[in-house]
Amino acid sequence: MTTESPNLLEVEGLTVEYASRLGTVRPLDGVSFDLKRGHTTCIVGESGCGKSMTARAILQILDPPGRIAAGRVLYHPTGGSGAIDIATLAPTGRHMRALRWGEIAMIFQEPMVSLSPVHSIGNQIAEAIRLHVRGADPRARGIEMLDRVGIPDAKRRADAYPFQLSGGMRQRAMIAMALSCHPKLLIADEPTTALDVTTQANILDLLRTLREETGMTLLFITHDLGVVAEIADEVVVMYAGHVVEHGTVQQIFRAPAHPYTRALLESRPRRRHGRLAAIPGTVPAPHDRPSGCVFRTRCGIAVPGLCDVKPPLPVSTGTEEHQACCHLAGMTPL
Amino acid sequence: MSEATLLVPASVTAPAPRRTELAGPWRLMWWRFCRHRLAVAGGVVVLLMYFVATFAEFFAPFPPNQDAARYTFAPPQALHLFGPGWHFDPHVEGFRVTIDPMAMRRVFRPDPTQSIAVGLFVHGAAYRLWGLIPADIHLIGPRDPSQPMYLLGADRLGRDVLSRLIYGGRVSLSIGLVGVTLSLILGIMLGGLSGLYGGWIDTAIQRLIEMLRSIPTIPLWMGLTAAIPLTLPPLEVYFLITIILSLIGWTSVARVVRGRFISLRTEDFIAAARLDGATTSRIILRHMVPNFASHIIATISLAIPGMILAETALSFLGVGLHPPIVSWGVMLQDAQNIRAIASAQWLLWPGATVAIAVLAFNFLGDGLRDAADPYDN
Amino acid sequence: MSGLNGPELLRIEGLTKHFPPRRGFLGRRGSTVRAVDGVSLTIRQGETLGLVGESGCGKSTLGRCIVRLYEPTAGHMSYRTADGNEVDLARVRGDALTRMRRQIRMIFQDPRSSLDPRMSVFSIVGEPIRLAGERRPRVVRERVAELLTQVGLREEHMDRFPHAFSGGERQRIGIARALALSPRLVVADEAVSALDVSVQAQILNLLQDLQEKFGLTYLFVSHDLAVIEHLSTRVAVMYVGRLVELAPAAALFTRPRHPYTEALLSAVPIEDPAEAGKRARIRLPGDVADPSAVPSGCPFHTRCRYARDVCRNEPPPLRDIGSGHLAACHFAEELKLEGARNT
């Protein structure tokens, strides 16, 4: 009897690279984290950290010439029948296509760009259902989903085209499309970044409710720490293609162990006036990363001779689930 | 955590600047262009052609209209570099001419006993370079100018095809340039007005463009060139032809310029320039023009072959340039019959040169267009 | 810092900007977009007035009307110049407008499109200086070098081009350009919205330092409430082209007087997981109102949970509730609204 793994997805040492004129570029370098079944995990980081690319790598929809060069993406299907390494599947093969949307679905940042402008939203949802769910009436199911995500007058709205809907409505339609096949994992790539704050609040509530109702796992990618605090159970902090810290949301916010996480939290305006503790410098370009620890050029406590020599390995601080990739983690007082 | 620990001196973090960081946008465009092998090759071919066309009098062995009744449709003579005994003696073999009694035409066979010495930088027929500078040096030619040297054969009047090809290139290639310059001026003016002001000016100009483009070009050109009096001197005919060609050619330039103006109009840096106190003309000249100049360069390098083809087509049909002007199209008129293709294939050389020129321009234009995007890092 | 009690610098009265409907071939298509609809507010010297609202509220349009990138449809903007004269920015034209544009400058949102990619940094920052009449190249160069150092760049950056810089650095160049002629009022149109979080902090610090050093007055337009709260002395909230609330920052965030402000504050995610779960969020039905189809009466009444009949029929005027707190709500005094949580 195999017990179901507590993790739905385990990413181990995922590395994406491509060759360019400037040499081999690694937008993702040894990324490892786990997604607990039924939990919401947030990947947080700034531009160029590779969070979107991680999502695309999991679904094998990387833009060429990028390709997975190393690592495993272990998917543990519900029912405990063993793990599948997604990274070994052919991106356009039958298995991958069945996984995509059937088990793992994704919603994107710009619904105007990700929804087909020439098909009605009802049509687009019906197409997804037709491909993955047998014996269901695609149109009826589609209308049911639109209703579930809170689109008023779903029957009539199903025939609307994306340009006829507002930003919030389009994002809801996108969520309906993603959930129409009852996936086990929903990856949300900055779904609320382009929305107004009141609309964002509604979408976050919707996602939370749907997650509770269906028990699915949510991987939420964002750069907004407030959203992370609101929605996450676990947090993965990424910087320049590396995971620098991961832990529960309380651990990350209460006791951040990595200098980057600490600096990020300090640099947000928070009801205190006066200067913000800004991180000097800028994120290095993927082909221009420093040797050793990738954050050392902007880190206030970098130790020459240590931090510039070898890349840091994950170190547990406190509990097993809270780890930071820093040579000095656990040594500096927090 | 005290603030001091988060501060790192800038000199530690700033790496030495890359070459690309120091370069201006034109240099970046040049570097991007140079990476395109095919485009560079195209550019080299184009430059070579124009160079030869500029110094046509020097490069061509004979004047273009020098005829020789004895050598009509003479085949090309192979250039031998070494004489008997392997010493360097460039020469061509003369002809032994016989008359075929059945077909009533001359048959030329190379005669090894007649060796016509060929030299570089020989004295030949006198000419005035560009009509100004008198000289008589030719790059290559027979040491005795009265001897025949048909490296690419002769046409129906015994004129050297190679020389006519070079002189014809001057006309065909320059018509492209002159025509495109006119198109450019018209196109930028009207396209700029259209894009900058919008409204009814834009509507009027765009409808005009659409009307012009919807007329079939060859019949339109034929109609317009047929209106040129036959008695007009060649130079004036030449200019009238270029004007006629640019009457349609400006529309594509205008469209590109209008598109760029419209997209630039809403850019923040244009608004910033207005707030800085720049007048409208300064905004156009200093901010907008440099930002679409690269696109214009790419557009015209793709418009020039269109002009060349247009002139060739018109002259080939007999409604463009006509003798005594030599252009590739005029030369192709002689190749219009089955006899040419059957027995004097070298008359088709102008077709090859047109194709080479157009291909070279296309590769060049593609490379320029790919290099022109300013935001591609 | 003069802040709350400084003298008036700019008094805007009844500013209106309507965009006419597009003329289709067979008639009108769409209706008038009421981007800014009768906004009145005052900016005091030395303060930072935060202007906040969601998409379609007209905050960017208002900022652009002040610098006359858009021509106002109606209203006055009384600006007090350095020598004490009053100029109506809405009416001024020609040379006078050019002179005003030297005193009131703008920082743009998108670092990628706010700098001319074909011009060197020296040309970009030096352009306003040269257009103001300074022709001597050495003087311009010195001034540009001075400005670049003040915004945290180096002198040798002058000869480089925008593509060589990161987003934050380009924004610094934009700030240097805005300060080139020592302005008195700077309109920052979402100046940090397109930047990464870590870079935002750098630029916010820079803006604060420059304000202290040069006595600048800011109109800071943004949709990010945390940034607005950090930077502003007073905050103005706009909804669908109208001003719904205007108050000192602390008062607005702890005790708002307009239901929309309350909903806005409630919607902002809290960066504290312990607090995040506790508070009940106000859910606003529907979407943000459309400036081309403004509801009757109070424009917020369709989504307001306190709305009554009068809200549907009569637009509420912007009233002074007390201690400089203005709100456009019929029930501003009665409602007990919740502010953002306290830490």
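Note that the chains are named A, B and C in the order they appear, and that numbering of residues resets to 1 at the start of each chain.
Everything below uses one rule, namely that a contact is a pair of C-beta atoms (placed from the backbone, for glycine too) under 8 Å apart; a residue touches a chain by one contact, two chains touch by 3 or more.
Keep in mind the model is a prediction, meaning the values are calculated, not measured.
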Inset, instruction - Mind naming the chain pair that shares the most C-beta pairs in contact? - result: A-C
Inset, instruction - Name the chain whose C-alpha centroid is farthest from the C-alpha centroid of chain C. - result: B
Legend entry - CA centroid of chain A to CA centroid of chain C, Å: 33
Inset, instruction - Using mean C-alpha positions as chain centres, tell me how far chain B is from chain C in Å, no decimals. - result: 55
Inset, instruction - Find every residue in chain A that makes contact with two or more other chains and list them. - result: 263, 275, 277-280
Inset, instruction - Could you tell me which residues belong to chain B and also touch two or more other chains? - result: none
Inset, instruction - Provide the residue numbers of chain A that touch chain C in the complex, in ascending order. - result: 46-47, 166-169, 196-202, 204-205, 223-227, 229-230, 232, 249-250, 253, 263-265, 267-273, 275-280, 282-283
Inset, instruction - Give every residue of chain C touching chain B within the complex, in rising order. - result: 67, 69, 98, 101-102, 105-106, 108-110, 112-120, 124, 127-128, 131-132, 159-161, 163-164, 174, 177
Legend entry - chain C residues touching chain A - in the complex, by the definition given at the top: 54-55, 166, 168-169, 196-202, 204-205, 208, 223, 225-227, 229-231, 253, 263-264, 266-276, 281, 283-284, 287-288, 340, 342-343
Inset, instruction - Spell out the residues on chain B that touch chain C in their complex, using ranges where they run on. - result: 17, 20-25, 28, 267-269, 271-278, 287, 290-291, 374-375, 377
